[in-house]
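A, B, C, D, E and F are the chain letters, set down in written order, and residue numbers restart from 1 in every chain.
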Amino acid sequence: MATTELETGLPSVRQMQTLIRESKEVELKLITNDLLTGKMSWQDQYCVCLVDHYDQPTVVWRQAIVYMKPKM
Amino acid sequence: MATTELETGLPSVRQMQTLIRESKEVELKLITNDLLTGKMSWQDQYCVCLVDHYDQPTVVWRQAIVYMKPKM
Amino acid sequence: MATTELETGLPSVRQMQTLIRESKEVELKLITNDLLTGKMSWQDQYCVCLVDHYDQPTVVWRQAIVYMKPKM
Amino acid sequence: MATTELETGLPSVRQMQTLIRESKEVELKLITNDLLTGKMSWQDQYCVCLVDHYDQPTVVWRQAIVYMKPKM
Amino acid sequence: MATTELETGLPSVRQMQTLIRESKEVELKLITNDLLTGKMSWQDQYCVCLVDHYDQPTVVWRQAIVYMKPKM
Amino acid sequence: MATTELETGLPSVRQMQTLIRESKEVELKLITNDLLTGKMSWQDQYCVCLVDHYDQPTVVWRQAIVYMKPKM
């Protein structure tokens, strides 16, 4: 856990900010092969938070993310 | 093991502190696909500790965490 | 997330830039054993973005990439 | 391999020191899903050493540890 | 992506340079359990490139390499 | 690839040096679940080299090592 800032100038970080602001649904594929679906509610340097249809939050560690797809 | 501080200003770290303070039950999904359930008792830069129904502690390495869900 | 620059002098980064500029199709093998196919649209320090035949973008975390093959 | 010190102030490191001093048995779950049992004999920044019932040592890389449970 | 140099003094880096210069065939075992065979054509800090019998290049991320064997 | 030294003062590094000097046989368990057996011939910051019964070397990336057992 190095003391660092979230690099808001990077495309990947900015795209997440847009998804949070617009409450868009995304699919997150994880290294365990789980596929989570929900709306992004926040991100920090270590985690992102996904809220599902029942409003339950799941805090996902970035280290475990394989890919992210905005839902069509 | 770089000498570092736990970044208490981050949402993910603060949320864990709240879970510890309130003795809330959580589910932790690990990269081995194990799903642990218990109450968070402490966190540091490398590990979090989960206590199960029999009061047995499990020290989980952060590097192995995929996601965390507060139990409803 | 250390504050860093994309090292544009490295062969691997330059090759990706060429693939983006020339809209070449690539195959990305991921640690989940998924094999994604598409055109590279951007890269930053943490992610690359792949656009498939239906123009749907997938943001792939570099940490999850195993290998990349330009499609013949 | 950055030049670093073992952070003896951290709960997770201190707990391991206690386990070593008291020759307590632990279970170590590894990312390969192996479950090793033994007594901790030393730790450094990169590894911990576990000694089994036949006094055979196993050097485990920290990067491969998922969780640790003191045996009851 | 920290700004770093390829450490050409290390045995593992030097051995790769020799394999590249001598166009030797190698086997690369990857974390997905894939076993790639080919000639090394270049290396940088993040990737190595392997060229197969049909002259098709595969860019392999170092983070995904488990072991390398020179072919006998 | 940060410019770093092999930390020869650490137990895990020293133990490897002893294994190399004494040509002891070891078992290396890897994250792919492979179990390699051989004599250690060298180590650097990123890799260790194992030589098997037919004198064939295998360069193993440290990032892929789970545990090491000296053969009895």
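Here is the rule we go by: contacts are C-beta pairs under 8 Å (C-beta built on N, C-alpha and C of every residue); 3 or more make two chains touch, one makes a residue touch a chain.
Predicted, not measured: the structure shown is a model, and the values here were computed from it.
Mostly differing positions are employed by subunit B and subunit D in their mutual contact, as under half of the interface residue numbers are shared between these two copies.
Summary of the copy comparison: rotating subunit D onto subunit F for the best CA superposition needs 60 degrees, to the nearest 5.
The most distant chain from subunit C is D, comparing centres defined as mean Cα coordinates. Distance from subunit B peaks, on a Cα-centroid basis, for E. Centres computed as Cα averages put subunit D at a distance of 32 Å from subunit E.
Inter-chain spacing, taken between the CA centroids of subunit A and subunit B, is 19 Å. Residue positions of subunit D touching 2 or more other chains: 2, 31, 45, 63. Chain contacts here close into one cycle, and each chain has exactly two touching partners.
A single ring links the chains, and its order as traced from subunit D towards subunit F is D, F, E, C, A, B. By the touch rule above, subunit F contacts subunit D in their complex via residues 2, 4-7, 10-13, 15, 29, 31, 33, 45, 62-63, 65-70, 72.
Considering their complex, residues 1-3, 30-32, 34, 36, 42, 44-47, 49, 56-61, 63-64 of subunit F touch subunit E.
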